[in-house]
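One structure coming up, written as structure tokens, with questions to follow.
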Amino acid sequence: MQKLKSQNLGNLSESSLKTLAQNRITTILDFLEEDVSKLSALTKLSLPQILAIRNEIFTKYSAPLINGTDLFTKVFKTRSRISTGIESLDVVTTGGIPVRCITEICGLAESGKTQLSFQLAINCVKDEGCTVLYVDTKGDFSAVRVQKMLDTQGYSHKDMASIMYKIRVVHIWTMEELVELFKSLKNKTLIIENLAMIIVDSLPCLMFQHLGDDNKMGLSLLNVLVNYSRYIANEFDVAIIYINIQTRWIDNDISDIEDDGESTSAFRESTYIEKRNRCLGRYWEHIPTLVLLLEKHEDVYRESDSYTQIKVSVLSSNAVKNENSQCILKLSSVGIT
Amino acid sequence: MAATKYKVESGAQLLARLIKKPVIEDFYSNLFQPGLKNNDVVEVLGNNSSALLIDLINEALAPSRSGEEPIGVLIFNTVGHLDYKKLINALKKKIASSLNTYCDSELDTVLHKTLNNLFILDIYDGTQFYTTIHNLDNILAHHQNISLLIFDTLTAFYWSEQGLKITKMDLYVKNVLRMIQKVSKEYKVILIYTRPGYFNSSKDSGNIGEVKITEGINFKVQLVDNISTGAYEVNVRTIDSYYHKKYLSTIDNEINWQ
Amino acid sequence: MKTFKISNATELWQRETSLPAVASFSQSLDNMLGTEGFQLGCITELLGLPGSGKTQLCLQLCASVQIPKELGGLNAEALYIDTNTNFTISRFREILSASLLKCQSILDKPLQITEEEALNKLHYVNAFGLEKFCAFMYRLSKFITEHPNVRLIAIDSIAFPFKDGISTNQRTGLLFRQMAELQKIAVQHQIAVVLSNEMSTRVGLQGGAVVGSLGDAWAHRCNVRILLSTPHPAQDQRERVALLMKSNVAATSVARFQDQRERVALLMKSNVAATSVARFQVRALS
């Protein structure tokens, strides 16, 4: 919530601000909530002047009203999806990664999340001619790997260079830094030309740093990050992808004991049920519009061509669950196909 | 409410206020028994409320029953979950079926006219959220046709506002509602807001059948997450009743009430 | 106002290839990794039961980092953070001598460095206990600034300090904060980091009950993960297998190898290689 002070609002002088602060009116919300005649009395400004300041606040902070017909233009004239470049994945995601939305890629360790993000970044650049920002929070980005992928796919040096030029990488080590980065993008103090996709690898790496603390600083930062993400996605037509992780826990399920009142040492059989948990908590759970769940399926070893099969399941917050929400991808030296 | 709140308004606003607002009664009786009327407050609890919201919005913009006047809709979009493409496509279909025409250009004209009654506010942070709520007075005064106010969701900025002291979730909802209703009541709008499933202070909010409905809320709608494809259950609580409803969702996310 | 350094992939490629990786003296292991050794700027995790050779490999890397430039080495220093007292100076001396002799024999001329000087290139830190460990990790950035020629940091082991006295959440929080700092240093100063982790049992998991300790969240953290095998009593003591479990550059693979001190490394995870196995030899003069 913005403080009153930092705004250069019309007639509010330093002394007025001081008086208001003494009366516990320090934020914009305080000002708006307060009775206008009281404000007038405190600041010695006239009523119309107070109302003018109110209007100034509204102009500056209130959201612009969008009419349905303008919405129509925006929705149908701009692309709503970026192709993943992988046919089967495009099918299950109904066209690719949604633009103006937050997408999540999730999976257990070693399920191919980082490799998929490399491939998505490459495909976005080469197919759409756009720039991709790769936010690396764990040092996983490997230019050598990306180059090898392009090389194996048969690109010329010139083409490789031009693709790699458009993949931008920034190293971020804390949540605060990530929030700052997104704030700079929103405010346009940091500009990346032709930006179409942002990939954050990975979000838990930053959020876990806040575990064990009693305060809810982590969640607060996450909320702010989501706010900035939505702005950047929606206003700049960008697709934002966050990498999340899954962890496993075991449910010791004890099957029903025969209840015939007889022996106390009835036959108990423990069955272990492995459950998987999408990390980052309940607040985050429903933030992404699209969630891609990755699972390592099978390793195939062949003389000429070895690869790993990765199963991708699609969880979408809006769509009806249908049968066609899974596909198998191939991870090999050439990348993911 | 401050008894001595001095309300200053322009001549236009005064006039606007005094003009009689359309009387709404029995809106969306597929789900609400009785249907919604002016000043009703509805809480939608659950995680996949988009389909329901879209259906509500389209029903307001293009009422199924002939002779009914469309209701202007204002949406506070705080989470970006509403798929506008789906909304517009569903609206187009609805208009087409009621007009009994599929002539594109005619459809488009009607569609655009219908969309004129839809207003959206994209809210990106807490400051903007509260400021816009305070500005509702001006917004509603200038667009008297708006009678349905939707907040999706009401709680999107909760965590960003918590500091050393944490406000209880239920209290947070109460406070925001109070702020909104200071304005909305005057304009006799129907208020619908969504709230994620986990957003509760108490543990027994799991089954709304057992908990008495909060004061000031007319309908509490609970969407039940389900695993099977297509069929969705809804629990509805009012001051004096509790009932269940079911709907089927088609491939285009359209709702067919059972 | 903070400014962010944004590089493009080509610039990073130049940086990544500007310096060689830290070789392990075992060709198959280095091949398996896909980067011809332990990559600078990356954190590699070594997993294995006691006796699988994690400490030995850490020591070997501390020696390898000193390989002269003429042999394609880094001619640099190493930092060894000891948390589990597995380090013995005699063992390191052995490995160091063997490495230096090997270099000498390849170069076919005497080395310019004395054993004393070579030993000084290893910075040993006693970090027994959680408090001491945290205290040093806190000072790490300063240490590296004061020792700019360090190109390898080995932590043996990362799990030991966290064994008791700390809740799971606190442990994860602390670990991830420390890793953020460590990775930042590794990337900015181009340092290879190798951590050894222990194994623990989690009954009921689909993939098998014996997993690396520190939990599932931790399993995602390191860029490269290698599983080292222990010799099976019934089998040929020299037959070992290693698995590359994770890599950001190489595919999962297995390396089989055979020799007196051969260890097999399993590349479990890498950001450049597929999971694979390497047979590798660790020679040491006895």
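Chains here go by letter, A, B and C, matching the order in which they are written, and residues are numbered from 1 within each.
Methods note: a residue touches a chain if its C-beta (ideal position, glycine included) is under 8 Å from a C-beta of that chain, and two chains touch if they have at least 3 such contacts.
Predicted model only: the values in this text are computed from it and were never measured.
Undergrad: Can you list every chain in contact with both chain A and chain B?
TA: Both chain A and chain B are touched by no common chain, going by the contact rule given at the top.
Undergrad: Among the chains here, which has the CA centroid at the largest distance from chain C's centroid?
TA: So the farthest one, by centre of C-alpha atoms, is B.
Undergrad: Taking the mean of each chain's Cα atoms, which chain ends up nearest the overall Cα mean?
TA: A
Undergrad: Between chain A and chain B, what distance separates the C-alpha centroids? Give it in angstrom.
TA: 26
Undergrad: Taking the mean of the C-alpha atoms as each chain's centre, how many Å separate chain A from chain C?
TA: Each chain's C-alpha centroid was found; their separation is 32 Å.
Undergrad: How many angstrom lie between the CA centroids of chain B and chain C, rounded to a whole number?
TA: Distance between chain centres: 57 Å.
Undergrad: Identify all positions of chain A at which a residue touches two or more other chains, and write them in rising order.
TA: Touching at least two other chains: none.
Undergrad: Write out the stretch or stretches of chain A touching chain B in their complex.
TA: The contact residues of chain A facing chain B are 1-2, 28-29, 32-33, 35-37, 47, 51, 57-58, 61-69, 71-72, 74-76, 80, 100-102, 215-216, 219-220, 222-224, 227-228, 230-231, 233-234, 282-283, 285-287, 289, 317-323.
Undergrad: For chain C, which residues are in contact with chain A within the complex?
TA: 1-2, 4-10, 12-13, 15-17, 35, 41-43, 167, 169-174, 176-177, 179-181, 183-184, 186-187, 202-206, 215-217, 219-221, 223, 225, 245-246, 248-249, 251-253, 268-269, 271-272, 274-275
Undergrad: So in the complex, the part of chain A that touches chain C is made up of which residues?
TA: Residue positions touching the partner: 108-110, 114-115, 133, 137-148, 161, 163-171, 173-174, 177, 180-181, 184, 189-190, 192, 202, 204-206, 208-213, 245-248, 250, 252, 272-274, 279, 299, 306-308, 331-333.
Undergrad: Which positions of chain B touch chain A when the two form their complex?
TA: 2, 4-6, 8, 47-48, 50-51, 61, 79-81, 83-86, 88, 111-112, 114-128, 130-132, 134-135, 138-139, 156-164, 166, 179, 196, 198, 229-230, 249-251, 253
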